[in-house]
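Consider the two complexes below, in which subunit A is the common component and subunit B and subunit C are the respective partners.
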Partner chain A sequence: MIRWDKRIKLLFLLPAVIWVLTLTIAPLFFSLYLSFTDVKREVVITGVEEIPVLDKDGNPKTRSDGSIRTKKVKQKELQIKYDWVGFKKYKRVVNDQEYQDAAKFTFIYVIISVFVEIILGLFLAFLFNRRIYGRGFMRSLMILPIFATPFAIGFMFFTILFEISGPLAWMGIPFLSNHNWAPFSVMLVDIWQWTPFCFLVFLAALQGIPDDLIEAATLDTKSAYKIWTSVILPLLQPIIVLVILLRVAESAKLYDYIASLTKGGPGTATQSVSFLVFNKAFKMNDFGYASAGSFLMLIVVMVFVMLFFTRLRKTYE
Partner chain B sequence: MADLTIDNVNKFYDKTQVLFDVSLSIKDGEFIVLVGPSGCGKSTLLRMIAGLEDINSGEISLGGKVINQLAPRDRDVSMVFQNYALYPHLSVAKNIGFSLRMRKVEKSIIDKKVADAAEMLGLTHLLSRLPRNLSGGERQRVAMGRAIVRDPEVFLFDEPLSNLDAKLRVMMRNQIKEIHYEVKTTTVYVTHDQIEAMTMADKIVVLNGGIVEQVGSPDELYDQPNNTFVASFIGSPSMNQIHGKVVSEKGKKYFQSKDNSLFLLPENANISEGQEIIYGFRPEHVDINQSASEDAINLKVKVDQPTGSQSLVFANVGDQEICLDVPKSHLLKPGNEFKMSPQLDNIHIFDSETGKRI
Partner chain C sequence: MNKNQGSLLTSIYTIIALGITMIFFFPLWWSFSNSLRIPKETFTVTGVGIPFINFTPTLGNWTHQLSFPEAHIALYNSSFIAVISTALAIVVGLPAAYALARFRFRFPPNKDITIWFISQRVLPPAAAVVPFFVLWNMLGIYDTKFGMIIVQTTFIMPFVVVIVRQTFLDLPIELEEAAMVDGATHIGAFLKVAVPLSVPAIAAASLIMFTFAWNDYFFVSVLMMKNFTLPIYIAGGVDSRGVQFWFIAVRTMIAVILPLILCLLAQRYIVRGLTLGAVKG
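Here is the complex of A and B:
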């Protein structure tokens, strides 16, 4: 009986297992496979067929000798070929100037936006971690950006930053058309949308710090800065590491803002790895390149995440 | 010297007043215990001394200097919190040395002072541990080490033993007293536990509803409680208090309870016939059976609670329950009758309206 119960448990797990296998694991390995292949879509002539030539009414035309007129038609078939090419695609990706630029942009983008989000989030959490009038309402207002769709946010900023008639046009700054300003604009969108998330998590963490710890510290120092650096920040450290981890993993996937705000432009100034890979795959049909490029980024992000996780585990032990 | 003077201090939270004209003077080196039921304002008063709460009116001065406006850091007080408030990310050594590091004391001096404090508290083998790897008693000692190491003018303790189990509490009580003998620093100690107050204090301050009910040594409070509140709060089990009035019979003054039981009153008592009073005597200040006087009353045992050599006997005078702490005897079993007379020297008489001692 007990055994049957156990099997039933497994049975209930099955839908989840199938879900994960078909929608996560299988595509993952398929794309790994793709990264080692050259995917070619070819039209192959499989044979020739003679068919009668028809007139307007749909009857077969006849020759003068009474025989039916025919024509030869080639039979075509679309074939997808996976040619195993080993590490060729990886070599190409690594040496590709376009990929290098995209990686560089993505890297800088992640570093700057996550850094600014953490700092701003901490600062806002600090401001909100006291009794101020209408705190609850303000807090709800503050976290609204989290719920918006990134793609739509991109369009919203496109209207805001529109250089000819947008509300910021008077500043005369080429937000989207200058290759130095455009990356900044994209970061601005990310910071606008994700600072509230950092703020929310940090605020929760701050409110979790017992008051008497802070009071104990005020008996020893007058400087709020010292209390922050020697008590509050060390206590927040595990949470900060966690937020960095989440934000880096998330913002490294940058695609939506680019697709709706800059389309990677001007030129390739704001082309992120994800955006480049997407275009390579679905606009240029180079699935091998796209898969290889994605896996390279996956490896970089994974190494980073692992480093941070070990760090996190150490602080919790 | 660091005499601590509290002069007519009031405290409001919004519109609720929690302290009413509290005045105290604490001599250098004294061990003062603020005791009272929860919500009586004792912790608030302590936090006002520390500078963690504003003072709405009145003055607190330390060593002759008013410290109302001083930041907590500049008051030269150190505090042990109820939940210890140890910094979880710092080792025991770093926790103890924290206040010195904040004051930019030289590292070699910090190390020495930390080592000394650890030695005094028996923490030397734990110095490299983190607080989460310590037991409750050890954390408590670290919290004390953090206070001691600074060598402040005043120690403030906010119910430091309330999170410990009973056995550990008794041990820590001794240790705190020992340390006080050793360092002789003025100490203000807050507790709701009157036994802690009785055992540790040089002087007890009984607070109730934001008002100082009585200030005095443990003996004074025990022998001469100012009013019924102090009488029932200090001492365990509490003082028996019976409502009734004064009557005269055969030239002697008696106290007559609601059920007409008569208790002899001391002759010198400043009361007049017919006066409504509260008649108080402590459970241990009674004579029973053979040793009882001729004015003894008869009672019936309701419950007995043996405590070893003694026994707590509960009986009713009218509808009022009284408790007696008497030598254990096989005669004092539930249902048995016995004679009892309170000792005439140890009778407390209070005005029944004001509750004040007469």
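Here is the complex of A and C:
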């Protein structure tokens, strides 16, 4: 075993740690601070300056008496004021109907899409684990959605769910214009993009199960159902839990699809927390509300991740 | 008898699998098909839109779209940001991956450092976005490629750390020891032995990181204005006359084609990469 110099150890690790620490933890603390403040952005006129008027060659223009023509220019400065308001923003967020609706939608969205993705992913993994023709080719086609640009995917589905002449128009479903259907349309996009991911992970896990284990089980029982529930699913369980964790954390960020597919509409039917926070911050300039709103979401996601923490820790021994 | 039954079952499963694959492939196909139609036909073609059978294909939309400088600027900005961020993430993240695989840290222990790296991919970016906006304005790097590169590098770095860490763990340490017996320094052993042997994993990590930097819209929409990237360019296909399907299709394809190719190239590492190293695949 080589004896590694302690300084070398730190030299390798620290740049990445410092980089990520300053750029994630620092903004988070700043965001925490902002959530307790009322941020006012004001354009303040700090003075008036006289500058010469230039002609198109860049030379100062002169008046008929020979003096240089000048114009007065107001000097503006963007000033940001932070007023400490305590928990006021949090109270407003919690009591805000719009935030409640967004939280409810995001919650239902995450539950349904992840549930469908897991079930469908398991089914597909089971199917592709069989001996079938052209498996490699179909597998390649199946996984294409994973890497597709989510924002572009939103637009793609906009053309596919187009109610007048889209390829699914024959179904007669108001995919995007009805406030009951629109949430499902967004879920459909998520399911389309991420079922292949679940499928791929489960397939890798299934192929990792030794054949003799399955063969031994077939000696006991002929029922495929029993083999699945008593042998395969228990073996897959840690991986299913991990995929659920990753998918929940990822789909809770929901923003891109909405920004291109529904813009939160119709009305506010598909407004996710991220989308609402974005609008509050950059359309209504309410940084305090946005920070408080996103922090509440952060806490919920953190609590969820913590529930899985011990298991996750074991994976990286 | 058994053999016949087996091949019948195989055929049935193949047909089911093929059907599902087609359904999943359809949206990409439809978009591609749309991009080859003359504008009027984007609303009238029925069926599954096969060129030459359902309609006469044309490259008109593509040449029209690609003739505008916006397309070139968007492509250039997106590639530039993604390439530089990926390179930076590798330069900074690779030594960390090596450190986590080879050295023992007591406080905090290695696995907690690894999990901490991963946790950034789990936390919602909405929580960090207002601070970035304010800070980037203060530092004067709002709406610059430089500012965007810093943000992207931060959020893609976990990929290289967890993917390549696993590969380093799988390398026999004797190779590095031998190099050091021959007089190489620690850094030399890392650069001349460990890194060259891990090139496939590093390449796969790069493809995944490139794609994530390329695909990002959330930070782009907050921190960029005039310096637009592909997603903003796609959004430009919607104007006051409504959504122009034929342009949207072309622009979507322009954005999506590169990630799709990279996806196929990185196939073997997607499982490990996207489960953040937890499933080896």
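In this section, the second predicted complex is superposed on the first by the 254 of 317 C-alpha atoms of A that agree within 3 Å, B and C clash if a C-alpha of one lies under 4 Å from a C-alpha of the other, contacts with A are read in each partner's own complex, and residues count from 1 in each chain.
Just so it is clear, a residue touches a chain if its C-beta (ideal position, glycine included) is under 8 Å from a C-beta of that chain, and two chains touch if they have at least 3 such contacts.
Bear in mind the structure is a predicted one, so any value in this text is a computation, not a measurement.
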item: Clash or fit, subunit B versus subunit C on superposed subunit A; value: fit
item: Touched partner set for A:146, first subunit B, second subunit C, both or neither; value: second
item: Subunit B versus subunit C as contact partner of A:282, first or second or both or neither; value: second
item: Partner chain in contact with A:213 - subunit B first, subunit C second, else both or neither; value: first
item: Per-residue contact with subunit A, leading partner among subunit C and subunit B; value: C
item: Which of subunit B and subunit C A:13 touches, first, second, both or neither; value: second
item: Partner chain(s) touched by A:221 [first = subunit B, second = subunit C, both, neither]; value: first
item: Which of subunit B and subunit C A:61 touches, first, second, both or neither; value: neither
item: Touched partner set for A:237, first subunit B, second subunit C, both or neither; value: first
item: Overlay on shared chain A, then closest C-alpha pair between subunit B and subunit C (Å); value: 7
item: Residues of subunit A that lie at the interface with subunit B and also at the interface with subunit C; value: none
item: Subunit A residues touching subunit C - in the complex, by the definition given at the top; value: 1-2, 4-5, 8-9, 11-13, 15-17, 19-20, 23-24, 26-28, 30-31, 34, 78, 80, 124, 127-128, 130-135, 138, 140-153, 155-160, 162, 164-165, 167, 192, 195-197, 200-201, 204-205, 239, 242-243, 245-246, 249-250, 252-253, 255-256, 259-260, 273-274, 277-278, 281-282, 287, 290-291, 294-295, 297-298, 301-302, 305, 312-313, 315-317
item: Touching residues (chain side subunit C, partner subunit A) in the complex; value: 9-11, 13-14, 16-18, 20-21, 24-28, 30-31, 34, 42-44, 48-49, 92-93, 95-96, 98-100, 102-103, 105, 110-115, 117, 119-135, 137, 150-151, 153-154, 157, 161, 173, 176-177, 180, 186-187, 190, 211, 214-215, 217-218, 221-222, 230-231, 234-235, 237, 243, 245, 248-249, 251-252, 255-256, 259-260, 262-264, 267, 270-271, 274-281
item: Residue ranges of subunit A touching subunit B (in the complex, touch as defined); value: 210, 212-213, 215-222, 226, 230-231, 234-235, 237
item: Touch list for subunit B against partner subunit A, complex; value: 50-52, 71-74, 77-79, 81-83, 85, 87-90, 98-99, 101-103, 146
